[in-house]
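What follows is a group of structures, each given as structure tokens.
There are two complexes below, and they share chain A, which is joined by chain B in the first and by chain C in the second.
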Partner chain A sequence: MTHGDPAIHRYSGQAQRIALLCALGGTLASLVGLVWNPALFFRAYLVAYTFWLGLALGCLVLLMIQYLTGGGWGLLLRRVLEAGSRTLLPLVLLFLPLLIGLHSIYPWTTQAPGDQSGRAIYLKVGFFLGRAAFYFVVWLILGYLLNRWSTDLESGRIPRSTRRFRLLSGPGLVLYGFTITFASVDWVMSLEPKWVSTIFPPLYAVGQLLTGLSFAVATLLLLSRYSSIGVNLRPNHLRDLGNLLLTFVMLWAYISFSQFLLIWVESLPEEIPWYLRRTRGGWQMLAFLLVVFQFGLPFLMLLSRKVKENSPSLATIAGLILAMRFFDLLWWIEPAYPERTAWFLVLDVSTWIGLGGFLMWWFLRKLRERSLLPLHDPYLAHYLPEAVPNE
Partner chain B sequence: MAVEPKLHAVMAEFATPQELIDAVAAARAHGYRQIDAFTPFPIEGLAETLGFTGTRLPLIIFLGGLFGGVGGFWMQYWCAAINYPVNIGGRPLNSWPSFIPVTFELTILSAALVAVLGMLALNRLPMPYHPVFNVPSFALASRDRFFLLIETGDPLFDAESTRTFLNELHPRQVVDVPE
Partner chain C sequence: MIEQGAKSETRADTAIPAPVGQGYTFGSVSDKISALVLTGRTPRGWWLGFLFSFLWLMILLYAIGYLVLEGVGIWGINIPVAWGFAITNFVWWIGIGHAGTLISAILLLLHQQWRTSINRFAEAMTLFAVACAGLFPLLHLGRPWFFYWLFPYPNTMKIWPQFRSPLIWDVFAVSTYMTVSLMFWYVGLIPDVATLRDRARSRLAQITYGILALGWRGSAYHWHRYEVAYLILAGLATPLVVSVHTVVSFDFAVANLPGWHSTVFPPYFVAGAIFSGFAMVLTIAIPLRAVYHLEDFISDWHLENMAKIMLATGLLVAYGYFIEAFMAWYGGNRFEQYVQLNRMFGPYAVWYWLLIGCNVLAPQLLWVKRFRRNTTLLLIVALIVLVGMWLERFVIIITSLHRDFLPSSWGMYSPTIWDWATLIGSVGLFLSLLFLFVRLLPIISMFEMRTLVSETQVHEHTARNLGEE
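Showing the complex of A and B:
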């Protein structure tokens, strides 16, 4: 059964071809990098993987949030969020290259024998792998159930109510908070095993939400521009999306700055090197760009109602934030390694594009499977009356 | 012997929000500009239908926030770097990161105060007297009735023809609002 405007199939077909080309080109370039300098490749892979995993999990979390809060924005974004959360499945397989390069990525894999400190016990390879398996099982179950029930709701196999979605989403958000706390410590914070920041997991989680939201907003606006989502976006819809984006931009800035302020004021020898490494040797330029383009500019632009209600400008801001998310993760991960060659940036970007091309191809395939609006959601008539199908 | 009171406006009373919105659109289309509407709760689209295009309030609030932010930062800078410089653990006198929380709080405080006071000022509130309250049934505007008002100041206003116009919109009633 096909849904919606045939235009979506034409344009998404084109987009899928572009995505496959990106996947092919990026992967080839990255493979050259792998042969040339494996250590550099695996770091680049960690940056890219962290970005795309953040996109998938951000979509999953926003999907749960919109079931709990309700509102027109949730109905508009739901299909994009669902398809985004379904990229989790290939991401499980794509975790395997990280395991191959584990020794090039994480310095703690070579421990002094007989080290029985808590840190050494927590960072044992076996324990690390067991935890990773647990996170993926939790996320996959949440994503599978929410997507499965969504198709069931559409085909009428389950009662026309969002009760079971809400019952899962509440505990689901708690589970996400629990798993992402440990996952962020395992995968990114442990790159510098001596460094500890208790506010880092929330920062990592908000980064994922910001990635998911800016991706979903940009995708929705592109869809409504180049084909049809089945309903015209009204100024108040665009305003809601813009305000949500503004909220997450501010939250990201607030938590980022809190971490910086505390570490700067204390200036402790275990903590301050993290920022010293990231504000010298050229990294201060990237830090400056992050402050300007992931906070300053989007913040000031999104204050204006005119900008929010203008679909192309809102899409541009969302795209800018999405791109800056990649550079933010790059700024977190790359400076952790003392030695690097001039080509690392090229390798980072090509790996990002290669991995992303494949995942976007998968995303578009999943997006085409369902109507672009949840037509059987009981709240559709309340929030988007003009979209209710005539039966 | 009572003196005929001066007329302030003519007012029509409606039972549903949709009737009011249709009436407002009709009055605008007819050419009336000095009109106003009263409802028990906010109605989406009513402000736009009334021809309410925008307000200076966001700009005033932005300037209020700017004032609070700059003022907040300056006070700390002046204390710590100019008036009473103290070396604390070798940190620079202008320790700007630690000034940010207070700067942020004062930005919000100042913007919020300016928002409330600016809103009151632009609405010319508090307003102890307004002619609409001379109409006894106007009390229902805070319960379940929707009112459309056309003021005498409107260039097209003519007591007789305006009453006729409002009556054609099928309101529950049309009443005069004395000054």
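Showing the complex of A and C:
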């Protein structure tokens, strides 16, 4: 019903073309990789898929959180989060290539653990697929309802209240916590079937939130340059967004460090190999870069109010965190495989760009469908009084 | 990270409840809160409550006296369970001590204005809880008078504490927390103590509050410096909310013991601490509000917010129990699996299921708004959660210690009367301090409530305008 900002239409056409070009270029390069070394391609695909799924789910979770907590930041980010969560639909189809490459990705599909542990029951292809289907159904329903109601709210088909959003979001967050726990074990932790860490699922979820938030903040700040949404962006909003980013960066660092310290200090044979593989053979450089660029630098920068209130610098930090999220997932996934050829990094990046180009094209199409601000939200007058339309 | 705009925001939306009840002025807020302290007559209920708490405190003194005479042998601890009630009580009290700083520091930085009416007594509660917590590791030392050996100082014995032990990190974490919480509480009290000084009639009260007010005159300079100092302390206190219970969780997780060494422990312990802390704040707030008729300051909306935080942190705690059990099953480590089964079906199974009932099932009632608004029910849930969180620490400590890797070194633990006496006595210490606080200092921050009065007037004004349109 509602249509976006005219300015955004002009620029988003251009952005969509760039996204499609990225999709095309990346996919072509990855296809070369697929022909040349299928095993390598599927791992690269897992890294890229984990990243983009994290972005979509991160957006979905933040969407639920902002309905529950309220606040100006939620209204400003809402459309970006909505469009981000709507990339879940293509991501369901994009899960299929992982199924084709299941045997080259997961070692447990070819050699069963063969012991008395729960793994022997849990890691079975049929059960694995059933669980994946369940996760996607839950996520799609949550995403569909929140987006559907949002358009209904704009068109006046439902009462002007966020009550139903809040009623869904509370249980929705619990459902997300439940599904992502098993999804993280299925898709990433089981790459090294002997390794167990109770904090890994929360760490995986916080990583998704960080991906979603840094993406949404960077996108909002970019949009504010080219559209009227920038008028509503006050220094206190920028500060809130910066603080939110800081909180999630610290949370990520806190959980990562807890896991590292507790495994390092114990040095148990079933736990420590995970870190040994990731701190040898060049991977230690990436680990170091992650500490510096996904925690150290953003943390120090975001402490400063001046940096937070400056839109370009905040956007740069958000972009940096977003890029580092990809390398973080790369660092989680790639070292799980002992044999490696020199070209894996090129393939990882090209698959990431190829998949992302397509998803960003989809994202921009969805973003155009609605006004950039939820103009009929009952809290708009409270948090963003200048944005209330004159009727 | 440190914001100054927290108090200058105006609220002009009727959808968000007013922070103070209607019809209050600057003067009547101060009158109502300061009268609780400056009244000449002490209510009979206060005397009864204090007497009761003081008797329990005497039990503590007796138990400690006997402990010093006889040694820790009077407790039920032995090998293999060397950490009985003492450490359970320590972790329980220190966890309760988390809500105060969370409410004061984090909610301040998040612009949550509803914190204003509960932060003062929540901070006081934090201090008293940390004081109770601090007792137990010291008593557990066996020779508490050598407690200063825990600090690294150059000494003639040429020995240093074991820096690699999380128990030493505890000493630093807890003492830092105590210091910062105390400063935070005291700095926040200064303007109010000055109000009491100015309103007091008796000479003794005037002199005492006058000394405590540190020469506060309410000048613009004073207020400016006060605001800066308070925000800096809030910034300093924020990481401490997380760090203290993280270090406490390391006491367990760094030990190579099934059921203790689990990477999820740090955030799971922090969530549990906030969970029990809010339960204690509710346990104190609900009777206090009823006795002193403070419904205008501590409204149902405040209690509901706390109930929501309790529900959220309770879910995180439940997640902790779940993920431990799941990973033990999935991972296939025989010892981990045994500890989980032993907790659920072993000799201490009753306590495990009781703890699940208290911490996982009971808080689920709080999903329903009607229950969150029912103060009696809320109080009952809060008390259940307090019991549940004590049981949680008991189960973690006892079940992991009493059966470790070698069946030949297994054993059982049962507390003696002296264990119970020390636990009950510490509750007496906590309550006695709390009663004294309620009688001698303003339980709600008067000057912060005054800033909310002007906002409430804006509220009423907009509400009237909306009505006219």
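What we mean here is this: the second predicted complex is superposed on the first by the 380 of 391 C-alpha atoms of A that agree within 3 Å, B and C clash if a C-alpha of one lies under 4 Å from a C-alpha of the other, contacts with A are read in each partner's own complex, and residues count from 1 in each chain.
We take it that a residue touches a chain if its C-beta (ideal position, glycine included) is under 8 Å from a C-beta of that chain, and two chains touch if they have at least 3 such contacts.
All values reported here derive from a predicted model rather than from experimental measurement.
In the superposition on chain A, see if there is space for chain B and chain C together, and answer fit or clash.
clash
Between chain B and chain C, whom does A:Leu303 touch in the aligned arrangement: first, second, both, or neither?
The answer is both, since A:Leu303 touches chain B and chain C.
Check the residue A:Arg239 against both partner chains and state whether it touches chain B (first), chain C (second), both, or neither.
In the superposed model, A:Arg239 contacts chain C only, not chain B.
Given the touch rule stated above, what does A:Ile199 touch, chain B (first), chain C (second), both, or neither?
second
Give the label of whichever partner, chain B or chain C, reaches more residues of chain A.
When the residues of chain A touched by each partner are counted, C comes out ahead.
Of the two partner chains, chain B (first) and chain C (second), which one does A:Val265 touch, if any: first, second, both, or neither?
In the superposition, A:Val265 touches chain B and chain C alike.
When the two structures are overlaid on chain A, which partner does A:Glu386 contact: first (chain B), second (chain C), both, or neither?
After superposing on A, A:Glu386 lies clear of both chain B and chain C.
After superposition on chain A, which segment of chain B among 39-47, 147-155 or 165-173 overlaps with chain C?
The listed stretch with clashing C-alpha atoms is 39-47.
Do any residues of chain A touch both chain B and chain C, and if so, which are they?
236, 261, 265, 303, 305
In the complex formed with chain B, which residues of chain A make contact?
Residue positions touching the partner: 236, 257, 260-261, 264-265, 267, 303, 305.
Where on chain A does chain C make contact in their complex?
So the residues of chain A touching chain C come out as 113, 115-120, 122, 170, 174, 177, 181, 185, 196-202, 236, 239, 243, 246, 254-255, 258-259, 261-263, 265-266, 268, 270, 302-303, 305, 378-379, 381-382, 385.
Considering only the defined contacts, which chain C positions touch chain A in the complex?
By the definition above, chain C touches chain A via 1-3, 5, 11-13, 15-16, 109, 242, 246, 250, 253-254, 256, 261-267, 315, 319, 323-324, 326-327, 329-333, 367.
Contact residues on chain B for chain A in the complex?
44, 58, 62, 89, 91, 97-98, 100-101
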